[in-house]
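Before anything else, here's the structure in question.
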Amino acid sequence: MGNSYGTLFKISTFGESHGKALGVVIDGCPAGLDIDESFIQQELDRRKPGQSKITTQRSEDDIFEILSGVFEGKATGTPICLVIHNKDQKSKDYSHIADKYRPSHADYTYDVKYGIRDYRGGGRSSARETAARVAAGAIAKSFLATKGIKISAYVSQVGDIIAPDYPSLDLSQTESNIVRCPDEQAANQMIELIDSIRKNRDTIGGIVSCVATGVPAGLGEPVFDKLHAELGKAMLSINAVKGFEYGSGFEGVKMKGSEHNDAFYQEEDKVKTKTNYSGGIQGGISNGQDIYFKVAFKPVATIMQDQESIDSQGNPATVSGKGRHDPCVVPRAVPIVEAMAALVLADFYLINQTTKLRD
Amino acid sequence: MGNSYGTLFKISTFGESHGKALGVVIDGCPAGLDIDESFIQQELDRRKPGQSKITTQRSEDDIFEILSGVFEGKATGTPICLVIHNKDQKSKDYSHIADKYRPSHADYTYDVKYGIRDYRGGGRSSARETAARVAAGAIAKSFLATKGIKISAYVSQVGDIIAPDYPSLDLSQTESNIVRCPDEQAANQMIELIDSIRKNRDTIGGIVSCVATGVPAGLGEPVFDKLHAELGKAMLSINAVKGFEYGSGFEGVKMKGSEHNDAFYQEEDKVKTKTNYSGGIQGGISNGQDIYFKVAFKPVATIMQDQESIDSQGNPATVSGKGRHDPCVVPRAVPIVEAMAALVLADFYLINQTTKLRD
Amino acid sequence: MGNSYGTLFKISTFGESHGKALGVVIDGCPAGLDIDESFIQQELDRRKPGQSKITTQRSEDDIFEILSGVFEGKATGTPICLVIHNKDQKSKDYSHIADKYRPSHADYTYDVKYGIRDYRGGGRSSARETAARVAAGAIAKSFLATKGIKISAYVSQVGDIIAPDYPSLDLSQTESNIVRCPDEQAANQMIELIDSIRKNRDTIGGIVSCVATGVPAGLGEPVFDKLHAELGKAMLSINAVKGFEYGSGFEGVKMKGSEHNDAFYQEEDKVKTKTNYSGGIQGGISNGQDIYFKVAFKPVATIMQDQESIDSQGNPATVSGKGRHDPCVVPRAVPIVEAMAALVLADFYLINQTTKLRD
Amino acid sequence: MGNSYGTLFKISTFGESHGKALGVVIDGCPAGLDIDESFIQQELDRRKPGQSKITTQRSEDDIFEILSGVFEGKATGTPICLVIHNKDQKSKDYSHIADKYRPSHADYTYDVKYGIRDYRGGGRSSARETAARVAAGAIAKSFLATKGIKISAYVSQVGDIIAPDYPSLDLSQTESNIVRCPDEQAANQMIELIDSIRKNRDTIGGIVSCVATGVPAGLGEPVFDKLHAELGKAMLSINAVKGFEYGSGFEGVKMKGSEHNDAFYQEEDKVKTKTNYSGGIQGGISNGQDIYFKVAFKPVATIMQDQESIDSQGNPATVSGKGRHDPCVVPRAVPIVEAMAALVLADFYLINQTTKLRD
């Protein structure tokens, strides 16, 4: 249970970190959409390990294969299955944790819930699963692009280093540095911090911010499937995420209504708001302004240090840090955040085509 | 679309603020559960307007009626329909906004999405809909109580007044004051602040925190329906919510992994963690520790002041504050947060009964 | 569980035979649709008891009330709740079966499944629940009418009396007699048979046939949610139904492919087939020809005779026929079959609006 | 849309007849279940082409591979992905029908619905997709076996040759002949008939009957997801199926209530019925008696004869029979019917674990 997402643009992911393959089945991609394999690969490459000195040094190439649903370069309306075969499966590396519960990992909870666990590399609980999401998200992005919708995520905070707020940033610069922060000065400080954290065999958290532009008014399905509620769920389902806020977010609680309300005005037949504390969403429905939100990531739980813990019999045990891991997850999380946002928006776009009586 | 929630313990709400009635259909409540009508009423009373000087002075008694699914005081396993008839329907009060878009309300987005809108009191977008959730949540709470699970929400922040953190609070004191903050000193400051905001015909935001105790390890359905992801969606679906975080939340991004990891230990056959930055959830599954999370509410959009806006033709229009509204939503939001948390946990509890092969 | 139907045009029914009320929540009715209350009532009247000498003589007027989702005569896109209050609740009539398992009823299975049962009049298992379906189906029919789709069911068999096949019938004559068979001669024989069965305190089965015209090619969602599979489920979910077939149905198994295949031809830009053994559905998708199918109803289980059975302790017990019941269910089942077909087609119509990339 | 089935034991299939691979993702298989790969292969072999002189002579070996969800021979509770790679992809064979609409196939309806179509071997509409169902069904069968539930389908009719009814048959004999009819005499006649049909380059229909034994009382979720309604949908979703009936079925319409009612009695603490016209299901819920139903299959649409049709421009065109096809589909349909029945029962078994309040 729980491995599917979406109503009309629906995905189901499968696969363990060190199993034969990861993959995703997309059911409901509109027929006729151009499927650009090089774009899918490009998105996977933004997420792949080993891409820079501040990510894990594991090298996985994450080459995908389309098994179904695409004919002569176009989606046929039938399920699209994408598979990423696992190559670097050094399973022996994981025997040392087969019976131990790593702190703040899912080892213990999976054991209790399922009574059995593929312990190799975290199994299903590994963030490696998000590669399947990125692949599916690339297709959702392609669909949204045909509607003029664009999603841009970036790193806005690492530890206590905070980039300026988005309206002042040039989001086209996000990919210009390895930390994926469009502000050069903040980016340099972030890279330096992550590098120093890595040298101390420790990890650090961060925030990914995301902006969606070109979203027409009308997306979102109150009262439960509000646009921001679904975005929130989608983001919180990403490994290591601890919080989600949109528009004014947690800071907004300190504001007065007279400050926080976004005044409407009309400009050339377009309804706009003077401020955007609403984050582009009112009553759970997009209002045509930019949608923006923030996603908080905790420090990676795997650290290169010895930690006290217990084994599955409840005996004390020491967990030793081994292998190659990310000192900070946010640079590689940027495409994952974009992918999940794209999946949510594509789904709501389709649902909204059925809301009103039409000819 | 979007008016149902849950998989096995499933609710569907209906009703507009000034229509004939609000209500909810619960499908999947385990047969045999005692349905305590006085407890449901008590929960509704915690949410009802007019309960104190810091809430709206509208008086609605929110008396409910059970139409189906209960026989001789017990749930029969068939759908339970609860209806709350609307009495105080002063529809004329709302003619002044029939054609205007109130700032930061859902008037504009509902108009665009549906092409038609019941403008009376906000119609379906009114927070009055949450009465149906509270009624359903009371039943979910009763179910959870049979499993030893208890949910306690409280007001932890109003404007910039912040109560101490939960482990140091006595949560049995939440109902001892009208703002529902268990810390007496903070409570008094909050009440004073809300009162002063109200006198200035303005509104203010706040935070509701929530703790769930007695939750067994194993609830939550990765990879998409993680426990905190579903809690996040449930909370974000409540009117005026702008953010959700659990465990260390947004503050956690500043921490190092070596500080943030929760060390396991065993005490009398029970697995515990020394700290609880995980907020009782690891890998999207409850780990047996207390679950805690925070929900950020923006300042109420309806203020008793004139505001510039536009009408549905795009012409400038002034929106005047009228009627009786809440200066701060959080005191009445406490039972709503608890209700949604109860619905999420009840659903996952049932799903988890099917996870493992059992005799 | 199991009380909702549909994906985008979704209904949830509630209510027991002798509870306070029956009802339905419709979520996803396209906003702007005219809601014609007199048409809904007219459909309910076609199903109501006491309408003729060959139905039960119980008199229930089945007056409905709309609680939500309709404003100024139009659907607003929010959930529509329709309630039918129960008036004729002579609960005392049912004390004699409180503890007995009536043969071929659901008393025993409900007791085993739920451990508790509202025994009054069959509770939730009563066909009275279908009133809620008919009300919802009337709205679905109104939606389909805006697309030129019309659904016509009729009685095609009672016992061994069989009406001629549909292409030779004038379906406008269905309502011209009380058994709802458009062939006058067969109708008279059917009425006579039912009357004689009733006098013998017995019951008899029958078949309802259904034709949908004006259905555009393209409806249905293979591979599981094929149009005929969903129609089949919808029909089989109606009380007393034992079988479903479409197009050539069970008779088709005797045919050769060379006889059974429907040859395509084109006439004035329209693709047609020379025969229609496919029943208007190919590969699970409508092909633009008339859709037709048959639904088999067993004889009503309640007979006015003493029957041997057991009570809930397993002791032998005699069940005596009491009250006023239908000697044959099919005349009143005609609007129910139409309602369920309308709900299925409305749902697929909406889904199909999202299948192809559109501008 | 439409490529998933089930609520808790949920499958999603993918793949085209001549694409790279077919497959299925199973989400919700109880953790700890033994996954017996040889049993899965054995089930696939019962469905595979080329298995006897009365099936298609195409030879496909249908070797499967498990990509995820199984660890050390057991289900882990995470999604199980099974893939069957296509080997015999002679795509050139199909160029002759790329632009033609084969009679009673899905070519035309897929073209209208999706605007694009993988025409090779019928693409997604090919019965080859059912291999994925058989693989998933094998796992569902293994789960049911742990509960003492057994499903046995067999061929009960080919053309007008009809086997005796099930209570008189020895179902252990089903696999003793190539037509899968447990009655030797009828089996021989069926084989002869199919052989003669094949020589005439034609095809013929048939019926598969199915019996489920050991099903506990309580499975099925009224009012919409009744056990027989879901079985009906599952069967009707199989290629070439035109009808479904259970218990007394269409013949039951001719019976009187006094004949048709199944009298209850108790035998050694077990509730039983003297007759079983109910087919083991009352009120949509299993009653502990044998469940039995029939599934009608039309004659295969592909015949080895020239047929008149049109092309995608609406011009007249001749479709010539080519390739190797089944003269009658029912012998190979037996494991498919069993697989779908197993999936339905496994799902309801799990749901039923959550119906009543339990300790």
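Note that the chains are named A, B, C and D in the order they appear, and that numbering of residues resets to 1 at the start of each chain.
In the analysis below, contacts are C-beta pairs under 8 Å (C-beta built on N, C-alpha and C of every residue); 3 or more make two chains touch, one makes a residue touch a chain.
Remember, predicted model here, so these are calculated numbers, not experimental data.
Using the mean of the Cα atoms as each chain's centre, the chain most removed from chain C is A. More contacting C-beta pairs link the chains of A-B than the other of the two pairs A-B and B-C. Annotation: 46 Å between the Cα-based centres of chain B and chain D. Note: centroid distance chain A to chain B, computed from Cα atoms, is 26 Å.
Centroid to centroid, with C-alpha atoms defining each point, chain B and chain C lie 39 Å apart. Of all residues in chain C, those touching 2 or more other chains are 1-4, 7-8, 13, 28, 31-32, 77, 113-115, 124, 351, 354-356, listed in ascending order.
Shown here, the protein chains touch in all possible pairs.
Note for the complex: chain C touches chain B at residues 1-4, 8, 10, 12-16, 19-23, 25, 27-28, 31-32, 65-69, 71-72, 74-81, 83, 113-118, 123-124. Residues 1-5, 7, 13, 101, 103-106, 108-110, 112-115, 124-125, 129, 157-160, 197, 202-207, 217-218, 220-226, 228-230, 232-234, 236-237, 242-250, 252-266, 269, 271, 273, 277-279, 282-288, 294, 296-303, 305, 307-310, 314-316, 351-352, 354-356 of chain C are the ones touching chain D in the complex. Taken together, the chain C residues at the contact with chain A in this complex read 7-8, 28, 30-33, 77, 143, 146, 350-351, 353-358.
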